[in-house]
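Take a look at the structures below.
Here come two complexes built around chain A, the first alongside chain B, the second alongside chain C.
And then the complex of A and B:
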């Protein structure tokens, strides 16, 4: 192993690797910071460039992109309440309130600190646990998978802020939307209402852009108009003054956030190892769990540093372990990993069970580059935070005009289809309406992500068992998660009844 | 009737529409309709609870029809015109027009010096 490590170091210590990793991180932060664009779009745009690069610089650039965009999405989430990427939407819960109270610098630095710490820790998880974890992942079959997903859905329903009834409505709306397209087994059209463009289901980009970015523009434009008419001082983010406590993350605050970051890293790593669940769920589950464990849960949603740390650590901690199924089994964990798999294949490398044995030095070299990319994220992210002042000084009318333009571009580039733009508009109006009804959009989006996977795995399980529902009881891991789900529902009803959750 | 009850009633009507009209019309067979029907039941249960329970607190909805008509509808109308413009005129011209018109709509004006 020592010889392989030495060979890996030899492969890494070339200027091209450092340069392209830095380029990837920088481009990723920029793409992530612009609402309507995303890490996936950034990877798609730069994937063709990997033809001209060696395997390590090419893959390093793509991985740097993913890391940079994960942090970049938190910048507009904190400053404008508009997440730059879907996984940054949880950061808006505490990031924006903290920025409005004049502590934008503290909020952004907390996000950066949590992102880099969790990303580094999860990369170490990838490096040391890839092989043993792959053997556990092999034992998770469709019944276990579906019960883990059902458990996740119940958790996010009950923990949705304000009301479990609204949480359940949001979850079921997300599940219904995930059934649009075609039946996963029969392949027959379902809920596409004659639109051929919906044959593959609702695109995640138009949906996420509409619900998160465009609806936010409508809401902010409305409150801006109302405040202007009433003569009320516009509620804007007050930039923190440089050098003050409001602009810094003190060592005491870093220490305060560490337990939250550690907890969120564990949750994000677990979520990342299981293919298909994704960064958004990692962020949400980390946030919910941290709120439960916090000494001051009442501060969550009002600008708690732990809230920002939990969300950012949760979504960044998914990155490293997401590559575990990719490099060990050849199964991409999410869209970004699938695109990175494309990058591997362009270079003639086929990830899978034999990959670790036959390409160990290359794999170790990539792991080293991952750690270097985290350092770049810290440095480049810190520089971007200083430029964030310029973003906040942009007049609101300019933002309200430019963001819809980016929403249009972001919806269109995926499929080059005008239908996606109309779909984005529909979801924008739906997001506006659901926000007015106080129904949680993040819950709905997470349920949408998980819904199609849940249906697919449940029906696979029933096919394997020939329609016998006891398959979920016969398998130990599946049964454990099912009992846990029922126990949580019963516990919740006993403690809270069916009423609104009491706000502390 | 307070807001929670209206919301519950609205979603119950949606559930009825889904169960009776939309699901049978858009699916073939019981297997295909299984998860959608499960989701509709999941939607109906909390809607029914919201309809029948005594609400724990009366929180008004943050919606003013006048503001909606004067601010949100024009933004939506302008964006719809933008999309139509992109399909007929092209991206660059439509975008330039949209940016100028939306800046004017939001009252962004700079005095000449």
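And then the complex of A and C:
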């Protein structure tokens, strides 16, 4: 163990690793901070390049990228209400209101502090608890998976927005959109309206960019135009003054956020164990739970520090456990993990059950690199916050023309397909209309994320049981989540009735 | 070899024979390999493994562009429509596109509309099960299915073709199996190792195959044509058991129709040389892939056969279901 650790340190302590991790974090923050360009895109762009580096520097860069982008996405979410990456969309709930009240510095620093703390904690989960986490992950088969997804969907549609009716509409819309593409069982195309581009479903990037970034630009441009015509003074995000309390996170506030971060790390890590659910759901569930636990839930959505902390901690905590199946079984849990696997394979190293035994030092080196990237995110992110504050002074007309441009680029580059640009524009307009109808876009996107997984896993369960629905009751974990879901619905009805009442 | 020599000879003659307006030897600028899948998959990785030696052999940088989505077809057809000058080439998708075109669009490709360079890997599908199951061999598995009709579930690591091949065998032999489709080999491997399904069909080179190499999973059946690296005595569905269909994916390089013969020959030669690189051989074998050069003529007949088989398979299942 000690020898292997020393060997790992020997591999890591080289200037290339530090340089490429730094490069990755910096590039990741920039890509994350530009709405329309995301972490996955940054990874794909730089991937060919990593093959020319050794395995450790290549992975250092990839991990730096994904960690950097994860934080970077919260910068425009807080400053402009436009999430830079889909996983930052929950951060807009409280980040933007706080920034509008003149505390942009405080909001950004809370996001950074929560991101890095939760990310480090989740990496420690990966390093020390990989084996137990993997054994839990293997127990989650299709029936368990379905019920966990159902549980998440119900929580999100009931608790997320003020009105459960609108929440359900948003969820149903998302589920409906997720049925476009291919039948998961038969492989036959369905609801694709004759477009071969829709054969694999609606692209998540064009959709998220359209709904989150492009529609927000439309909304803000409209209100800016209206305000200008009526001669009203514009509601602007004001710069927080340097050195004041509005610009920093006081130790008291840090302490106040810690329980929230701990809780969110727990939720995020659990979400990370179940592959495919993703960072956005981690953030959303953490946010909802923190709101429930908070002593002043009425502050959520109006600039609560815990809201920002919950969202950012929740999405970053997903990343560590997401690597567990890769490390233990050689099965990648997300895109970054798939690319790490590829990086190893090109060098003739095959992750799999025997990887841990035969390449232990390399694995330790990977872990050390993860922690280094976290440190970099903290340092570089801090530096970026200083510059990013000035972004607020960009004139609105300039911002409204630059962001759509990046939206176009961002939706194009993933598949180099013009179709995706049209898709993004359609979703931009749809997002505008839905926001006007006060239907929660994040809820809809999360339902879309989970919808195809839920269908897929439910049909798998029913195929295994040959159409016997008791399969969801026979399995302990599945049954527990089903009962929990029912209990939450009943509790909700008892507390709020069926009518559409304002939630506390 | 004769063909190669003659094409080299023709190439040389062309070079010197038409001296005044002679073309410089191909390639004189970087070449682009269009991979019709997202980066990180097995197909993409094999191309990237080959890119290094190809660069050395061709003497020009090799650029890899990923055009994923649409089950590999849009990226593949993009190359077929591009300029036939040898600078844009498709890999490794042609084999996969045949079956996705069949199942998604109900159409077939005509191989006269493209210039084949050659194949380089045959990727077999295998059936795996956990060692704690009561069946250790294919025969025992069949007996088990017969004793437990409708209770046995077999997963598929996202190969529609392999599932249909297994389904055709089950229909023919009266086996009552629940087939469960997965979105990727990784997802299916996790459920197989976790014991949620009774057996699973996956490609060689996946995580589950690596587990089988270590003895943590049993290989019951080979759905393909070549031997499974490192795991001996696996019966082959087509050759050993006489079933009319098989599931084996071929990776290869394809140029647009109308590419000059000397340029095609340069590519063929480069691919052949790259595959002879001992480092490539070693890395691919480690991953469970068997690299082997397949000549254009041989590749053509393989692809034709695969296409005909798919048409037959679809018909076979239609009639058997009635």
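Here is the rule we go by: the second predicted complex is superposed on the first by the 498 of 504 C-alpha atoms of A that agree within 3 Å, B and C clash if a C-alpha of one lies under 4 Å from a C-alpha of the other, contacts with A are read in each partner's own complex, and residues count from 1 in each chain.
Quick note on the criterion: a contact is a pair of C-beta atoms (placed from the backbone, for glycine too) under 8 Å apart; a residue touches a chain by one contact, two chains touch by 3 or more.
Since we're looking at a predicted model, the values are computed, not measured.
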Which superposed partner A:417 touches (first chain B, second chain C, both, neither): second
First (chain B), second (chain C), both or neither touched by A:203: second
First (chain B), second (chain C), both or neither touched by A:404: first
First (chain B), second (chain C), both or neither touched by A:185: both
Partner chain in contact with A:142 - chain B first, chain C second, else both or neither: second
Partner chain in contact with A:341 - chain B first, chain C second, else both or neither: second
Doubly contacted chain A residues - partners chain C and chain B: 185, 188
Of all residues in chain A, those that touch chain B in their complex: 164-166, 168-169, 171-173, 175-176, 179, 183, 185-186, 188, 190-193, 217-218, 221-222, 224-226, 228, 395-398, 400-402, 404-405, 408, 418, 421-422, 425, 429, 432, 436-438, 451, 454-455, 458-459, 498-500
Footprint of chain A on chain B - complex, ascending: 7, 11, 18, 22, 26-29, 31-32, 35-36, 38-40, 42-43, 45-47, 49-50, 53, 55-57, 59, 61-64, 67-68, 70-72, 75-76, 79-80, 82-83, 86-87, 95, 98-99, 102-103, 106-108
Of chain C, residues touching chain A in the complex: 38-41, 44-45, 48-49, 64-71, 73-74, 103-105, 150-151, 153, 160, 178-183, 186-187, 189-191, 193-197, 207, 210-211, 213-214, 216, 282-283, 286-288
Residue numbers on chain A that touch chain C, as the complex places them: 44, 47-48, 51, 137-142, 182, 184-185, 187-189, 196-197, 199-200, 203, 275-276, 325, 329-332, 335, 338-339, 341-342, 345-348, 350-354, 415-417, 456, 460, 463-464, 466
